[in-house]
Structure formats: C-alpha cells, structure tokens
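Structure in structure tokens, see below.
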C-alpha cells in the first residue's frame, strides 16, 4: 500500500509529520492530492490540547488540490481537476442540511445531540495537512478552481473567507450600516472585507497590532482603533455620535471582546460572534438592556459546500476582495513543524502560512 | 382644572391612588378616558423599586378606553370612539421607527444612547392606571376596538399578547417546529398561544404551578413539564428524541430559565428571550457550543403601534386564541392598592386582574 | 428477473397498467415497496398530453411504502421500515440544494439551464404508481413514518400538504394576516390549512363547488366565496374594508385566478402562486400599480426531502391539521385506470383517491 | 403674502414656471427653501400627460435645501439647517408605515384602496421645483446634510439612489451573486452601484448608449452588453455558463425589458422590477417555468424617510459609490423649461440636471 506524509496529532504540544497509507475512496468520496494548504488558529488549539481530537488524527481543514481518484458513485468531476473543498463538508443529506443549517450536519454531540458535526477534516476524520486527503460526499463538496486563479489566491476560501464573511452575513449587514470588528487576525480581517462587500459605510476595526490595523484599513475599515490607546467602546460611541453600531462582529473568542462588542451594539442591533470560546461567557446586564433592547446575538460555524466555495472564488476572481494577501510565509510540507512553531507563537508578523506538499 | 384619580408611584413599596389634574392634549396627543386597565409584572418591579421611575409618576401601560378629546392635529378619529393603545407607543418618526425597530424609539438611554425608549406609559410619561391617560402620537397609536369585542377581551392586547407573541415571532417559528416555553405566567402563556398560532407542532411548557401548566395545555401546549418533578432540559431532550428544540422561549427573566432554555436549543436553533433580567447573565460554554453551534439569542421589547393592536384584536375576534381568559380577578380603580397587594403576592391563583375606573 | 405492475404513460389519453422488471437499487438508492399512493392533478396533465413525459415512463410521485432493499452506500435505515418520500427528491449535493433551493435540483432545463429538476418521480424517472419504486438519494429522501400514523394519514404529505403549505410559507404569512385562496381543490384546501397554521386570522376561500367551499371552512377558512354568486375581488374588498389581503394564494393555474388574486393584494402584499400554468400570463397594469405597489409575486415548487416530510408528518401527528380527510375514494392498483377516469373527470365529488398496490 | 416661483403642470405638454404664494407650515410641517433640485423621468411622464396630476400642481420630488420655518409641533431641528427629504415622504403613523411598508402610506387608491400613497411631492401635494417646498411630517422626513457634502453630492439621494439601491435590496443580493441590470439610465446605473455595494461579484449592464454602458462599468458593472449588437438574454446565458442570474433588475418599465429580465433569472432567482409601466405586462410561460421555478417577481417604490436619507448620505460621504457624477447639466430655476426640453428629449448626453433656485 502506497504511503504518504501527514501532520498528525500525537499528544498535547506535539503535531508531527508522520507516514500513513494513502486512503482509498468509498463510493461517494474523492481522493484529492493536496497542492497547497494552511494552518488555522483552531489547529493551534488542537496542538495545545485545548480542543480535543483523537491521537493519530491528521490535522488541517483547508485543502487546495487535484482530484486523484473518484469514488465509484461520484459523477460530474474528472481526475486531474483542480479543486478546493470547504473546511466544513456537509453531507447534503442530513436533516440539518435539509433545513438550511448544513454546518451542523453530522457527528459531534452537545447534550447528547449533534453539534458542529459539519466540521470533519482534522476533527473527526483525517485532515489535509498531508500529501492526500479523502473528501467525503464529494459531489456536495468539491468545487473546481477557475484556471485564472492560483492556489494561494483561493487558499483563504475554505475557512478564512467563509467564516469571516459569515460574520457579516449573519449580522444581516445592510447598505449604510455601521459595523465594528473586534480583533483583526485573519478571520477579523476577512469580516472587515465581508462588511465592506455587503455595503457597510462605516467600518471600525479594533486591535492593537499595527500591521493588523493597517491591513484592516486596506481591506475596507474606515477607522482603525488601537484598544491600548483608547477605550474601544467609548471610541465607537464617539465615532457614531452615540448611536452605537448596527452590527458588532467578535472575531477572537474572549469574554473581553464579547462584552465590548455587545456594549457597542445599538438597540435593535446584532452581535455576530465568530470566536471559538473556551469559557462560559457573561452578558453584562446594561449592554443587554435587561433583555429589552431588541438585541440579537448570533453565532456561525464556517459555511461549507461546493456552492459556497464557488461563490467565494468568484469574489476572488472578480477582484472584489483580496484575502490572498494574508499569506505572509510559505513552507514545504516537510517543514510543517517549523511552520506550526512560527504560527503558534505569532512570530515575524505572520498572518497565514502556505504549506505545499 | 378638573381632577382625576391616578395610581402613583410614591416610593419603593408604595403605589397609592392619588388625585391629579386631567391633562390637556397637545396637537398630536389624544386624551383617553380609561374604561379598563390591568397591572403588569413590570408594575410590580416598579412597586418594589427594582425598576426606577420618577416619584409622582402615574403607573400602568395597558389602556382600554374611549377617546375624550383629540389634539388639534389629530385626524382619522372621533371623540367617543372605543380604542386601545399598545404598552409601547412609537412616535412613528424616529430613526428607530423608520428602520423597523419602533420599540426602541425615544428617550431612554444605554451607554449614553437610546434604548427601551418606546416604552413611555408609566415609565417616562404618566400611565393609564387612572381615570384618563394622554396618548402621545395618537395617529400612530390609537386603534379602534371592533364593536363585537368587550374591554376584557382586548385587555391582553397592549402588552401580554404583543409581548408573548413576539417571542414566537422573533424566534422565527415555522410549521412543524418544536418549541419549549420556560415559565408560564401571562407572558409565557401568551408565548405558548403564539407558538401554536405560528404552526409549531410540538409545544412544551415548563412551570411548576398546576393551574399554569393546565392553562398552557388549554392554550396549545402538547406537553406540560413540572420542573420540580423532572429536570426540564432532560425532559425536553427525551420528548424530542435528543434533537432539542428549534426555538426556546424564556418568559421569566432569571439566570436559571435563561440557561435551561439555551441548553434545550438544537444546533442552528434560537433562544427567544422575553424576560426582564435584573442581573448579568451567564452563557454556559457547552450550551453555546463554544460559539460554533449556529445558535441565535434574540430579545424583544413588546411591539406597539395601532397596526399591531389591530392585528392582535383580529386574533381575538377570529377566535384563534383566547387570552381574555387570563383575567382571574376584577377591581374598581378605587381598590387598586388591594389589587396590587393580591397581584404582587400572587395570591389566590391570580393570573391577571382587570381594573375598571 | 422479477416483475411488477406499473401505471405507464403510453400516449396522450392513455395511461395503462403494465408489467415492468422490479428495478435494482444503485449505491445511493432504495427500493421501496409501495403500499399506498395517489393520483395528482399533474398526472392528469400527463395523461392528457399537456405535460410531456417519455412514453413508457411509470407515473406517480406520492409514495407511501416499506423499504424493500437499500443501496450499498445507504446508512441509517433498515429494510422493512415504513417510509414516505416527497414528490420532489432533492439530491442534497447540487448547487441548487446547497443554496437553499433544493426543488430546482437536477435535470430539467429552461433556456438551456436547469429548472424543476427536483421533480423526478413520474417526470424524469419511473414513479410510484407501481408495486415498487426506486428512491434516488435515499438518505436525503426517505422519511420514517411514525407508528401511530396510517398510510392514508400521511398520503397527503409528499405533495398536497407540502405544496399547499408552501403557498402560505412563501407568502410570508404572519399572525393577524388576511389571506385569500383562489381555487379549493386539494392544493388550495391545503393552502387554507397552511394559512391557518401560520396565524392568518381572516382566511377567504374562493371556489364554486359547495363541497369544496364546505371543506375550506372545516380546514380554517373564515369566509367561503362562490365566484359564481359574487365578483370575488369585490367580495374580498368588501370583507377587508377595502384594504385588500396581505397574501393571495393562487391554486389553480389559470389567467383568471392569477389576475383576480393579484387584484386582491394590498400594496406591499404578496401573490403566492402554486398553479401550473399552460399559457403566458397577463399582469393587469392597475393591479400591479404600474410597478410601484411594493407587490411581490412568488412561485414555489413543492418542497421535498426527508426533513420536510418529517415536519409534515408532525403536523398530522399533532392533530394541527387533518388533510387525510381529503381521501374520498379508494382503489386497488389493478383498478388504477378506473381511478384515473373518475379523477380526471372529477366525478362523484372526488377530492383525492388512495391507490393500494 | 410673499410670492415664489414654481414649475407648475398646466396641461399635457406644458410645465411652466409660475408664481405662487409661499405656503405656511402646519404644526407638523416644515417650510424648506430649495437650494438644488432635479428633474426625474417621472416628471417627464407628467409633462407628457402619461401620469395624471392635478393642473396647477407644482412638480418635482427631489429637494435639497435649508429649513426656513418649522411647524409649531416640530422638534429636533433648527431653522437654517441644511436638509434633504426623500421623494417619498412617509407619515410614520399610517398602518402601512407601521407594518414595514412606508412607501405605501397615504392617499392614492388602487381598486378603491390605497397605493403609492407615500409619493406626495409633485404628485398629490406641491413639489419642490420651486423656491420653497412644504415638507409634511417633517420629523419623519427631514434629514440633515453633513457639512462635508455639497448639494450636488446629495442630490441623487432622494430618488435615484434610493430607488436604484432598492432594486438591489429587494432582490436580496448576496455575496457572490450574479446580477443583470436592464436599462442604464440614472436608476439603472444606481442599481448597478447598489448591486456592487451588496456584494454581487458578476454584474452585467444592458443598454445601447455607449456613454451609459461606460458609466455602468465605472459604477461596478463587470460586463456591458449592447442589446443592439447581441441578444442580451443569450449573452447573459453565455456569460453565466448557462446558469442564469441570481437577480435581474428591470429599470425601464417596458414589456421587452421585463420579459428579457425574467428570461435571465435562474430557477429560484428574483426579478426585481423598478420600472414604471404604462401597459399590462405579459409573463412568458417558459421564463416563468409554468409557475414551478421558485422564481420571485418583486416591485419597489423608492423608500423614503429621514433614516433612509441619512444612510444614503453615508454612502456618499464614505466614498462607497459616487452617483453625484450623474449630474451632466446645470440650470437656474428660471431656465427650468429649457431644462425640461433638454431632459425630455435626452439631448446632449444628459443623465441628470441640477436646478438651482
């Protein structure tokens, strides 16, 4: 049986490059040869043991590649075709999929029932930081890459763009809205771009790293607020003449950013939360208007599926937003452990790394 | 100047019947002679000093009456006409009104900006537990009562039905949904009726008072769960085969009901909160799926305005839901202090009282 | 190879009971032994040659049955299980499915692109007026029948309830709405029930057959209007005090009902069209307010998929609406040609027939 | 009584500059001194007698000016303040306003009930092609102009931007959508800008005038199609690989553009119609998929009200779209008859004229 290289979770603190057999596709799967992938903040949570996955699992959920072999029941594709798949791979046939919530498709559990189940790569099945990855429900998930786009140009589609944009989409941003985005890592920067794409006319980015604040302005932020220089909630109120924002997007996953975001929301407005939290959260009574403010708090797991990927690649191809510029470092798969080290410690101004098997 | 009787907030613990001048309507106001009104749980918060209002303010926000005098600029009504006005009286001309959030119209403040401002009666202006009440922005707020309906039949429209139904509406209930309602006071019972009206096919009511559980079943609940007999979250999971509910409605305003409601929500579902909270709230990490469950938390302040009132009276007139049956006790205005005492202590199985000046 | 009986389209005017081989399921299919099915108005269009299908095709798209054999890749079901499938059988993996429009999945074409493709049974693949039917994409489409429900109780779910309710759903009916339904055949009656389920408080049914008008009143209509006795548009205006309706539902597919329905719609309201038309349609300028009335015209193809079916069976199980009562006649499969004759000529007060292989 | 100049409809073919008394504001009105206004295509319909208004009425519905005098009940403004008001001036207090359809507020009738009633200026009350205009329901309609913006920069807000953008908004455009706009006059060009603002990634403009095709490309169109060179429906199908568009916007008001737009719409997509039609319309059966295509046809009357105006001025101030560039010609009020002549005959590449009293 042919072998391949794969970045495998071994124990908290240890993701190592190992050898595994190249898997064989079932009837509805596709085997994809990975040409480019990346490391996500969630992978760092896995590395640190903060988000538990099975030992021996291949990590990574952002695949760009070429179809190597199609399952016997897969139609509409051909071997050799360049494709991406989303970080979330809906089956298409679950009840969740069929009622419009395809990210919640699948196998995870919450209180004994299913949650986050659409996230399979590097979570419940082998991921794509490897030479090959098996894509489940291939007909729902493989999206051909337009010839005009490079691997790196579409590398942000599977997760960063899909998640960041969903923060804007679930917030229901309308033309003329005022939006604040708390935390300007790759997801927050993508949320800034998404807010601009949807017609927000005042976009406020909050962070403290100068390079991130500058990137936010390039991607559409009208104001970049350094939370170490000013109280960000007060600054948002000042910038909005006391009205507050229509939509606040949380893109970090901490109590502080969650509470600040809520404090910025106008009555009738929405807090759209993208962060992955690791503790219970507190809703401040005042910011919640004692429950009487017509405020909404919404959360979103990165939308997946081939149609989502097609649309995101259209955004890239049309030049409407350029998130490919987030790739600051490049490594071959052989040096992925080094890439993890750089990314986990946020050294050298890293935003995203490209990994090429 | 002619005088009238009015129930006035004097100090925490003291709402007394006093005398005040009958007010004169400004150009856009209407003076309404109150024929029936009621006491709300919120009034009890005011009585106890838990929700601050100005001393000397007339309380009460649920007016049924007859137009006594119209402001000089008010058109489309006639004196002597039977009318109701909502607990919330939107101006129609605020930015909040014009962007679809009329309950947040007005004068209250949150972090220096406006919140809950649509609630004026018995909050920021004199209310309707009196012989007369001045209705602001009369053309937006006065809704004629169909001849076929009695005062008591429409007495639940201004607040109870509007708030309770909004819990179902903001939850986005669809045909075939499963819904749980936590706490079955008048608002919760109205939420049960609203959930049924919108097509929920499994409605679970949670409380512990037998009369309330029985009332819930009459109004549309398929299951009545006594939280003292069973763990309500476990029971909801059992009743839904582990799927959880599409929409959970919180109708009390406590941490316990908020957290339990969230725990019942399926991935992709909605917690629709109606309660008035008095403390910060905690969101349990697991019930929130660490922010990845596509869950929404929405809050609503009672929708007002004459069109809302017309529609709610249509619900009554069509026989689709009978909330008038919630009136368990009746008092003349002279005995309103006695009515407060009964209602505040929830004696004698009281659900709602009718007060007749 | 084992044989089965099947009602086959032979030529315009001729659907006959013939013999065919029992098909063998592919990896994602299921073979279902049909226990009950019915004839749809669309089947009559096929019979008359008004809607073209391939000669030799088995007709029928409303299957109730028992799983006989599962494809090799199908999981989550067992042979012997009682199931239904919707008239529309989405694949789950098409772009249409993944962007929320699963009925348009598939193989039909309009101007060279895909339309109505979700409708496969008796249209593009063999249907279910037969001893056995092959259900494609079984995991997306098979919905287990609760033990408490009989075949006849769920027989309206695959098409009649799903289509009729979708008229109410796509119309966006809200609590307190006024709704008119034009034409009270099975689909229109189901639309009446759907409007009631969603909280419409004034429902007006328009037809001329006394039994249908009476059935509408039983299912929730407040007013039954005989268009041969009064002008239905004038009567709707009279019943609504000149306001018009929030939502008008067209359930026949003719120019006359389309135009009348549009004339009843208030400014800002919606015409929700369910009919299958056979000619170009004319929009009257006045009823369209010259394009300035904020009016919407929406169309819907019967939603399918297992989750839709589960929800419709919940409606039946909860007793919220009883469409099973529409079955007025029963025939064994052997006598299906006789059933077509009765149904196509609308003899003997027929609403729906049950066919039992 | 002081006099002012006003462009008055005298008879079909004749709008003349005349003298009228300067009106006095009622309690809820404001008198605005007009500093800049413009002529709309609708005014040309009035000129030609195609849209009937009362003889002697002052025409024009796009006012930019300065508050001269406030009604006695108007609060929150000061005399001397620079303001705009929308072409549509909702009262705020009508049932239509209170149920989210404020453009349909008011006095027009359709089948004996109200339609298009929100359009008052130059339709049912004196308009703004005059030295002064009386703004009704001033608190709902006056929107202060930011100091940084000139009159011409905000001149497109009252109608052109509000209408054009509403075509995109009512179409429900999402990130990644493909959109076609039929007819690239000022409204169509604004619809192009609106589609871009909402995240459409492929925008196709259809017209035949080279200057308009070029303007469309500057405002966001990816493709400019000359319908005299190619069949526009075929070209749209070619550009979309046969998929059709998610949203087609009709911006002219003719049968030909309506039918072509519908033919471009994908199954499940939307035709968003902005045109003012003057004849009945025909819906082609095929383009309508016989009623089974899940297609929507929506119409919109220009949204008004001060909050809408504030948001549109934000679009201008933020530089997100520059519609001010549509002003190609300028005239003093004295020469307005000359301006009508130029504009009605579309001479000299005119797009919009600025009129300065």
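Think of it as A, B, C and D in the order they're written, each chain with its own count starting at 1.
The rule is short, and it goes like this: a contact is a pair of C-beta atoms (placed from the backbone, for glycine too) under 8 Å apart; a residue touches a chain by one contact, two chains touch by 3 or more.
Fair warning: this is a prediction, and the values are worked out from it, not measured in the lab.
Engineer: With contacts defined as at the top, give the pair, A-B or A-D, that has more of them.
Structural biologist: Greater number of contacting C-beta pairs: A-B.
Engineer: Interface check for copies chain B and chain C. Shared numbers divided by all numbers used: above half gives same, below half gives different; which is it?
Structural biologist: Chain B and chain C contact each other through largely matching residue numbers.
Engineer: Could you please state the distance in Å, as a whole number, between where the Cα atoms of chain A are centred and where those of chain D are centred?
Structural biologist: 39
Engineer: Specify, in ascending order, the residues of chain C that touch 2 or more different other chains.
Structural biologist: Only 99-100, 310 qualify.
Engineer: Considering the complex alone, what residue numbers of chain B touch chain A?
Structural biologist: 96, 99-101, 103-104, 110-117, 119, 233, 237, 242-244, 253, 263, 266-268, 273-301
Engineer: So in the complex, which bits of chain B are touching chain D?
Structural biologist: It comes out as residues 26-28, 72-73, 90-93, 95, 97-100, 102, 137, 139-140, 305-308, 310.
Engineer: Which residues of chain C touch chain B once you look at their complex with the stated criterion?
Structural biologist: Residue list for chain C touching chain B: 165, 168-169, 174-177, 194, 197-199, 201-202, 222, 310-312, 314-315, 317-318, 320.
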